[in-house]
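First the structure, which I've put down as structure tokens, then a few questions once you've had a look.
Chain naming follows the written order as A, B, C and D, and within any one chain the residues start at number 1.
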Amino acid sequence: MSKPLEGVYAALTTPFAEDEIAADKLRDNVRKYNRTDLAGYLVLGSTGESVSLTDGESLQLVEAVVAAAAPEKKILVGTARESTKGTIDFTNSLARRGVTAALVRPPSYFKSKMTRAALKTHYLAVAEASKLPVLIYNIPQTTGISLEPQLVIDLAPHPNIVGLKESSGSLAFLSEVVREVPADFHYFLGSGHIVYPGLEMGADGAILAVANAAPEMSAEIFRLFKAGKKDEARRLQLDLVPLSKALVEVYGIAGLKYALDLRGYYGGPARLPLLPVDDKAKQDIAFLLKKMGL
Amino acid sequence: MSKPLEGVYAALTTPFAEDEIAADKLRDNVRKYNRTDLAGYLVLGSTGESVSLTDGESLQLVEAVVAAAAPEKKILVGTARESTKGTIDFTNSLARRGVTAALVRPPSYFKSKMTRAALKTHYLAVAEASKLPVLIYNIPQTTGISLEPQLVIDLAPHPNIVGLKESSGSLAFLSEVVREVPADFHYFLGSGHIVYPGLEMGADGAILAVANAAPEMSAEIFRLFKAGKKDEARRLQLDLVPLSKALVEVYGIAGLKYALDLRGYYGGPARLPLLPVDDKAKQDIAFLLKKMGL
Amino acid sequence: MSKPLEGVYAALTTPFAEDEIAADKLRDNVRKYNRTDLAGYLVLGSTGESVSLTDGESLQLVEAVVAAAAPEKKILVGTARESTKGTIDFTNSLARRGVTAALVRPPSYFKSKMTRAALKTHYLAVAEASKLPVLIYNIPQTTGISLEPQLVIDLAPHPNIVGLKESSGSLAFLSEVVREVPADFHYFLGSGHIVYPGLEMGADGAILAVANAAPEMSAEIFRLFKAGKKDEARRLQLDLVPLSKALVEVYGIAGLKYALDLRGYYGGPARLPLLPVDDKAKQDIAFLLKKMGL
Amino acid sequence: MSKPLEGVYAALTTPFAEDEIAADKLRDNVRKYNRTDLAGYLVLGSTGESVSLTDGESLQLVEAVVAAAAPEKKILVGTARESTKGTIDFTNSLARRGVTAALVRPPSYFKSKMTRAALKTHYLAVAEASKLPVLIYNIPQTTGISLEPQLVIDLAPHPNIVGLKESSGSLAFLSEVVREVPADFHYFLGSGHIVYPGLEMGADGAILAVANAAPEMSAEIFRLFKAGKKDEARRLQLDLVPLSKALVEVYGIAGLKYALDLRGYYGGPARLPLLPVDDKAKQDIAFLLKKMGL
């Protein structure tokens, strides 16, 4: 049984030049990614520095990806704003533009008030009003909000909520959720460290920052798993870990972009407040890519 | 020695009607506050649900306050965005509009990358480019970022950085900073629990959510302190604590707005994801206001 | 290739009667567990309320388990104290008493000083002086200290450090560590939610609280995995999740002990400050055990 | 109105020599402190590395302080253990030995179960059974447990609970509590940064690590405050801040002990896992003491 959105996605970086978005560079990157087995792209994710973009810039980037993506590639877009109204308005501004689904992280500024009831009300209101299918997004590292498995279980039956991206790195979350949600609910992993064991436990795919720099490896883990080649999938998973560690955790978006430059994509600078990586980091990254044969 | 911005400010709530901003209600509130001894107003603060507003709504609210404020009232505006560029752009969109200074909380989404170096680079870039004087803003409860006292000490000499609002509730922070910053640097307290002891230790004023509901008491603590009536200031401070606790901490913005309705201002609903207060909360708030003679 | 300590262990609860330890009840429990496929027992773990015991009580409990355990069962003992000296002294008081290895969680009281250097110095000193083989223990939920994967990698080559128990529930930790440690290093999972995927990724076993109440299921996951029956192992893993969730996370040690009483072991009360479970919790637990056929 | 325990106490360090306690050195230190205006001593506090001591060592240290303290000095002892029973047993082992009161931090290992109900049950059980008067102790930096102001208010009327030491550094906590507790309840500050403003708001004294190295200054702030010399008290408070920052926060117990050595007391090494301070730290500390005229 295969689900419509299954597979591995790249959570695309946003190219900048002179602190302005460079939509043409994004198109170039996507055209290169089109040749890989990636299932599609996430635009305006955390890795896309979405919180650092205006609405106008955001729309241009979505249009660029829609224009450049091969027809079979699915396009997910991060559309969360802090208010329920803002989230709905921005999500619906993307309707009828070729977007497959919206990925919605929780509001997080008013932390002490983001009770399970508040989060449930928010997601149900978004799901009701959204003209795009909705994916819930758990990423406590940046939001400081940990969605509870039970909240996801409560929301999953809504007809316009089609899945979850879970980036905390915990398979315990997956274990609690996977049997309690409808059969057509998509569970996406958000950590490049645990794609294979997550698939083994019932996940449907992954949406990965590291897939910008290593799209072939990332997609191949999924293909091997589906083909029943589990030992090979596990080995490739373990190969991916040092890349995921260095490019996503240690050096972050600026490091990932440097790796893109080395690999023939456009990486370029991150927007401040993200600082550029220093020379030591550049050497580490170059050494690692070489060692991994990339 | 008095400093130009000293005194107590209300961190204004944002009136909504049917989930749209109600700028006329904000003007009405400000005209009433004009009759009090408040030093001025903070527009688009945390209490103003600034993260839930569009840029267009934000500008309308600033214009409304500028138009309604009495000439002697200073006007501070929260202008932070997640990116350095976004913060500068929005701040400068307010230049030459009657705004006294910009209050800038730190970027917080990319938590693990917000090192002291990144925060310093951010604030210096904002201070260099901003056409408004800049106040640093520490509010770890919502941002998950704790500015270090040493960062504030490092930034304070910049000619366009004129002060700090510190909302963590810690006077230890004040104690570390107050002797190490230039004489004309403003230290504002952000917690209604500790206005008097903060002033006693060298703070220049406070920017308070509770001042929406209790502007007279809030301003009077400052007046009594300045008049040397310290015992009275302390007693009034302790009177303010249960209001600050209930309206700001326990029930939050929705509760504070309900208190405004009871006191003859326009409170109205908060914007989702903030839930309305329930009947039990309403009774608590009404009882408390009555008990405090408000 | 099998390792000497591999398999699933029960992290034994400590029986109390009238707030005194009941070593006889512990012996009875162990004799029943001897009939299962558990690889052995952890005495004085977190689940054993070790922090609530005196040294004298601790020794009695170890002796009781050593006396009652079947010869093939391995016996692990939690021996950490806050000081390096205290840890060494207590660990060595167990030498030549039939204990297989010591499980040592990090010191955690002086949190801000528990740098990587301090933790490394501590563990190396313990490993050097200990007359028992040492297992490192990562359990940030209770200690507030997250050991870094790199620390484990740095410590793993020491000849007297034979493995790790990792209870944060993260397989990302496992992915980072598993290829970087010597081939004879044991990686034990500490969460009942992720035994199967952890084994699939290279773990050698698990040390589980839930195995007190469900020793057969816990051990069977390991047996199925080793026999290459992965689909069955996964299904049994997912069956174990609601037990692990309810008995370990939601209701905790007092709930786990109630489940033991229902299953024919001695559970009894927890020692204060752990409160007893209420009637609602008892009903939930009874219902769950019945539903799972236990 | 003065209260029986009011004033400033030193939270004594524990002298070690060759990793064994050096009770004679502690007696020497106390005899020197007897000449200051300190109200008394806290033995076995966090600063005393109490978590790194055995019960036997602990008793010896208490006996040493009781023997050496001048008759007018009050003696507080930290007596917490993780279990309610262990806390009561150790506390009562100190009865009829000249100890004034027991300071009891909350159990903290089973963090997720330390609800307000569990903490209330624990403290009431300890208060009921203790043969010494009890002081509650809030120190979230080390325990990871934040006692709520309401819990303190609920416990304060118990006849055997005589006060609180609050070390989070928040005067907001004090503001919430001070009017809601009986008139004879003692509120002690645990941070050397905020002694003066705390006294100004109604605190009765302070129990300070920094008072080991600066007993005269620490006690003098209290004396000046009581004499109504508030400007002098504030200035001395601000003088104390850099010492409190460096010796307690930045360099911690090992740094504080080095300062003691420089000042003519016995400091000596901390017990592992606390690492010794490096040469750079020693220079900083020596420079600071010289600058402060100590």
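Quick note on the criterion: a contact is a pair of C-beta atoms (placed from the backbone, for glycine too) under 8 Å apart; a residue touches a chain by one contact, two chains touch by 3 or more.
These numbers were taken from a predicted model, which means no experiment stands behind them.
**Student:** Chains shared as neighbours by subunit A and subunit B?
**Tutor:** none
**Student:** Taking each chain's centre as the mean of its C-alpha atoms, which one ends up farthest from the centre of subunit A?
**Tutor:** It is D whose centre lies farthest from that of subunit A.
**Student:** Between subunit A and subunit C, what is the separation of their C-alpha centroids in Å?
**Tutor:** The separation of the two C-alpha centroids amounts to 35 Å.
**Student:** When the C-alpha atoms of subunit A and subunit D are each averaged to a single point, how far apart are the two points in Å?
**Tutor:** 49
**Student:** Among the residues of subunit B, which ones contact at least 2 other chains?
**Tutor:** Residues: none.
**Student:** Chain pairs in touch?
**Tutor:** The list of touching pairs comes to A-B, A-C, B-D, C-D.
**Student:** In their shared complex, at which residues does subunit B touch subunit D?
**Tutor:** Interface residues on the subunit B side: 169-172, 175-176, 178-179, 191, 193-194, 196-198, 200-202, 230, 234, 237-238, 241, 245.
**Student:** Give every residue of subunit D touching subunit C within the complex, in rising order.
**Tutor:** Counting only subunit D, the residues touching subunit C are 19, 46, 49, 51-54, 81-86, 107, 109-115, 117-119, 121-122, 125, 141-144, 249, 252-253, 271-275.
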